[in-house]
Amino acid sequence: MIIVMKKGADKEALAEVKRRIRELGYKPHVIHGETRNVVGAVGDERGKTVLQALESLPGVETVLPILKPYKLASLEVKPDPSQVEIAPGLTVGGDRLVVMAGPCSVESEEQILETARSVKAAGAQILRGGAFKPRTSPYSFQGLEEDGLRLLVRAREETGLPIVTEVVNPRDVELVSRYADIMQVGARNIQNFALLKMLGQLDKPVLLKRGMATTIQEFLMSAEYVLAEGNRRVMLCERGIRTFETATRNTLDISAVPVLKAQTHLPVIVDPSHATGHAPLVPSMCFAAVAAGCDGLIVEVHPHPEMAVSDGPQSLRPNEFEAMMKKLREYAAVAGKKI
Amino acid sequence: MIIVMKKGADKEALAEVKRRIRELGYKPHVIHGETRNVVGAVGDERGKTVLQALESLPGVETVLPILKPYKLASLEVKPDPSQVEIAPGLTVGGDRLVVMAGPCSVESEEQILETARSVKAAGAQILRGGAFKPRTSPYSFQGLEEDGLRLLVRAREETGLPIVTEVVNPRDVELVSRYADIMQVGARNIQNFALLKMLGQLDKPVLLKRGMATTIQEFLMSAEYVLAEGNRRVMLCERGIRTFETATRNTLDISAVPVLKAQTHLPVIVDPSHATGHAPLVPSMCFAAVAAGCDGLIVEVHPHPEMAVSDGPQSLRPNEFEAMMKKLREYAAVAGKKI
Amino acid sequence: MIIVMKKGADKEALAEVKRRIRELGYKPHVIHGETRNVVGAVGDERGKTVLQALESLPGVETVLPILKPYKLASLEVKPDPSQVEIAPGLTVGGDRLVVMAGPCSVESEEQILETARSVKAAGAQILRGGAFKPRTSPYSFQGLEEDGLRLLVRAREETGLPIVTEVVNPRDVELVSRYADIMQVGARNIQNFALLKMLGQLDKPVLLKRGMATTIQEFLMSAEYVLAEGNRRVMLCERGIRTFETATRNTLDISAVPVLKAQTHLPVIVDPSHATGHAPLVPSMCFAAVAAGCDGLIVEVHPHPEMAVSDGPQSLRPNEFEAMMKKLREYAAVAGKKI
Amino acid sequence: MIIVMKKGADKEALAEVKRRIRELGYKPHVIHGETRNVVGAVGDERGKTVLQALESLPGVETVLPILKPYKLASLEVKPDPSQVEIAPGLTVGGDRLVVMAGPCSVESEEQILETARSVKAAGAQILRGGAFKPRTSPYSFQGLEEDGLRLLVRAREETGLPIVTEVVNPRDVELVSRYADIMQVGARNIQNFALLKMLGQLDKPVLLKRGMATTIQEFLMSAEYVLAEGNRRVMLCERGIRTFETATRNTLDISAVPVLKAQTHLPVIVDPSHATGHAPLVPSMCFAAVAAGCDGLIVEVHPHPEMAVSDGPQSLRPNEFEAMMKKLREYAAVAGKKI
């Protein structure tokens, strides 16, 4: 932490700041500037947020954090990329580009089986599908819940594809984990710390979706919640942030991919479906994400988007998905990955 | 819903759109324009989100919603302002300006009692204090939990002030409701629908804080979740949204006050502490909020902000709070409210 | 500037950073931390932006500015509030709340005269009206230009109200200054530095409107451009920033008022018309702005908003403006200002 | 335009809306809904912004635009991609990926020549360099102005690379056009309509950079200003928008590439240097931009970033640029483009 004193702050103010820094277990180090003084607080970084309260002392202008607040998620602690095993022979974070695909919501046996078969045929390695749906409106379809999970398992039995599905309530963690291969935390729950802590105690991979207004640093802090509880199989997913632009549902923050890669060892997935909200934009954003260096994609596919109970406009049809995958293989090859 | 057809979309495309509109239970109504056609879908508004999927039909350019998606929260359904009773003789939403004040976190008996006494003396009618703290970092203080709730009750017993405190986990709803007078949903949980549904089944007032990237429409939809379950004692709280500006912790969206007042009958509270993040900005934002027409304020007060375990920089000292309240009475009087 | 070294950066990297700091005329001061070193660069602040380039040196993690980059606009250089004289007996920035009112665009003699008379009768002290209009679309009305300026002068002659009007092209500065009492720089031109420099050489008050994505610091740097050229009669105007919220045209950043007051001696004006975009929201935002501590308001008034060539939806009718002014006097009194 | 009436608006209100629609030259078309009426205004789209003023009529809830406000920039008017000729044999917008590279500012003859040679050797086809610099601070380096233009011409003479450089003042358009091959409009001037109009009268290609808070629709309207004056050689450049995320200087809106491609025939360039602000992020964002379907890139390269007078941290060194270009060729090949 760097504590910047006000211009003209007196000696007493400076002495008090130094006293408090020591009291909190850090060593103060003063730089005497031309117009004002600056105090560094030297010591172990964790828990330093309490130093922020020094801003309330007289004579203090501002308190600037210097160090990143996460630890287990950082490359400093673990410099080599994490490889998250999903199933025997299927690992995210290595030289493979992993594609997860499927409908927004599980709607019926026919719908999920038809989708699972087609995405598998096109090269997807994991099936996505929502059984518990966090919907903005209480009057919208809320998901088939456990019935939906059972249908996903039906699809896995038939296709062999592992399944990723969302959990929204800490109470359901145990239930969902009995069916799912990957536990997904949606954008709206990225700071649902009760949920994150429970997932941290699970022996199951977790896919964390960045929230609409979550900074990259906060995103990594949410990952830290899971890691700190002992579960190291964490994947991060960029899915668009909320900005002023309305041409797309959200704004895909594509540079989050290299920024995350420079700060963390965790695999990075991109979700171009939620980021854009419009199916015609999805293929080029898949290509861009791979070129940016991501480890995987999660893409919405629906056999009849115009009939979908949720997210129809952003769902690819099976033939569109297949065409996208074909081109994707070429981009993945240039990026040094195979699908 | 208004479905805008593409320029040059053919008759078949139009016919298919009309067919699907009818199939979904609405009546299509076509306006033939000079360069393109527009189709209105007439019918009851709820559940109309499925119409959005028509965007996937060939020949459709875009689908525009016309009606607000909430119902119970709207002035159309209930044109007179709701008055939410907190305790005998204490109602939010009428001609009284209700001030809730207290520390971010309950830290100790001494701290909460000292604060409770001082905010009561200055005119606050409700005591705030966090026992379950959603913190960005897993290494930060997470709250005293049930012990914190007990200390809040101690403070209520001594001062008579009802207490408002946050609940973050659906599992804890019953526990917290045994202690609290108002159940607070924090900004991070405003789309934690599992939590909202449980609170909707409670016979207890609920204070909903707008999320950092929640639109006003989404905010009202979250209120609708609580209302739809039967609990009509809902209060809304504007607490700043996330923008590019870094001079303040968030940006207080002050115009949300009259916007909400024009759309809903629910009382509107403002939280200038979280909105600004800096104590010196809090008093003028309290005044502005009252002048904008809010029904109440929630303000962080701490006897020793420089020692606070959380949110020190944005907490007023008791004497600063007292001075603010003095001036606030004058503004409230002009706004036609008494404290 | 604080230069944060990477964890594990070697001695040579540190030595090179120190060498470059000295070369650029500053004194390096190293704080040896537990996991990394931090170097302060001590010296006069102006021009320190070149230090930012040190981020490109090996071993450097990040470069953090400590000091505010503006000087003439700061309270450190001039601790007492500036009073900007507009006309004999009319000063902005003192104990008077100055209200500027009038139509978005000057449309006709009848329109501007009718408006000028009514806003004067209601208590406005300055007449606003656009003659050069920066419009998003080339097909929209672009303003009456010099004819519009002449009509404004006609209105001034009749009512005695000084006039504020926008200049958009450096070429027109001399022309507009022959008619106007206050030169307005619109939000779209706040970083039109060529325009700012020319206005800095003028002996005429300047009203700077914050841009839609301009930080408060950048806003003050734009003021610095005018001040540095010698013109000290600068007023700042908060008019809403662009955010994700679409219920209002922009989001009024009301806390910008106390933030600016804490950093600069320049008067602060608020424009609730452009901030909200909807006339029904304007009165409460006028009240909030005064309670927040502003020095003045600029409000759009049009005799027939439904016929206005621009900004109709956000224009008050004369009787609405009059009612607003009546209540505003009460709020101003509490704020210690008279109108 | 769609005019949505308030619930319960009476016949007179509806009649008045219809009357005004006719008065403005459009045909009203009413859809009678269950709870409210909706009126379509049918007619030629240009100038329809005046219809927005109907929002001020009693009984009107909101006015929704249906059509895009631009015309010459749209694919509807010109369905095939525009090819902008820069120099004999060099066209932007076809099957070639055009790379513009060079320093942020022209600093000296040695600097610009060294850079020009190296970027040419690596495969860049156009040299960038700023002579007139819009800087946030009046105390920062403002550019070498005409001397800088002369140095750019020196570099063109030696390398044969056409030059792109920024013009910030309408007054300088003629001067800059004597030297430059492409006239660049910076992000801060994208709504400097006086400048745009002058460039529209020029016979020279124009590169328009999207503003930090400019929507895609506004961006196209700015292009329309140039096109409407007669200059059809317009290129659009996405360079990042301002969001809450601070890990990057701006947020590269990568989906703007396919969104623009679906709406306009104008070529789309991407500037990953300004978008990210950090050199290590630039190469992957170049790759992503090409995969997203852009027609060209503009990249900052400096022989000694740590000595640069501006934008050092985001400038690639020549060897880094060369390595990037090598890989870029592979991505371009997959995208069906050659460099």
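We just call them A, B, C and D in the order they show up, numbering each chain from 1.
To be clear about the criterion, a residue touches a chain if its C-beta (ideal position, glycine included) is under 8 Å from a C-beta of that chain, and two chains touch if they have at least 3 such contacts.
It should be emphasised that the depicted structure is a prediction, and the values quoted were computed from it without experimental measurement.
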Longest centre-to-centre distance from chain D, chain (CA-based): B
Pair joined by more contacting C-beta pairs (B-C or A-C): B-C
Length of the line joining the C-alpha centres of chain A and chain C, rounded to whole Å: 38
Distance between the centres, which are taken as Cα means, of chain D and chain C, whole angstrom: 26
Chain B and chain C, separation of their C-alpha mean positions in angstrom: 31
Chain C, residues touching no fewer than two other chains: 213, 242-244, 246
Pairwise touch network: line, ring, star, complete, or other: complete
List of chain B residues in touch with chain A within their complex: 20, 46-47, 49-50, 52-57, 63, 69-70, 134-140, 168-171, 188-189, 191-194, 197, 211-213, 218, 221, 224-225, 228, 242, 278-279, 305-310, 312-313, 315
Footprint of chain B on chain D - complex, ascending: 2, 4, 7, 29, 31-36, 38, 40, 42-45, 64, 66-67, 76, 242-244, 246
Footprint of chain D on chain A - complex, ascending: 213, 215-217, 241, 243-248, 251-259, 262, 275-276, 280-281, 284-285, 287-293, 327, 330-331, 334-335
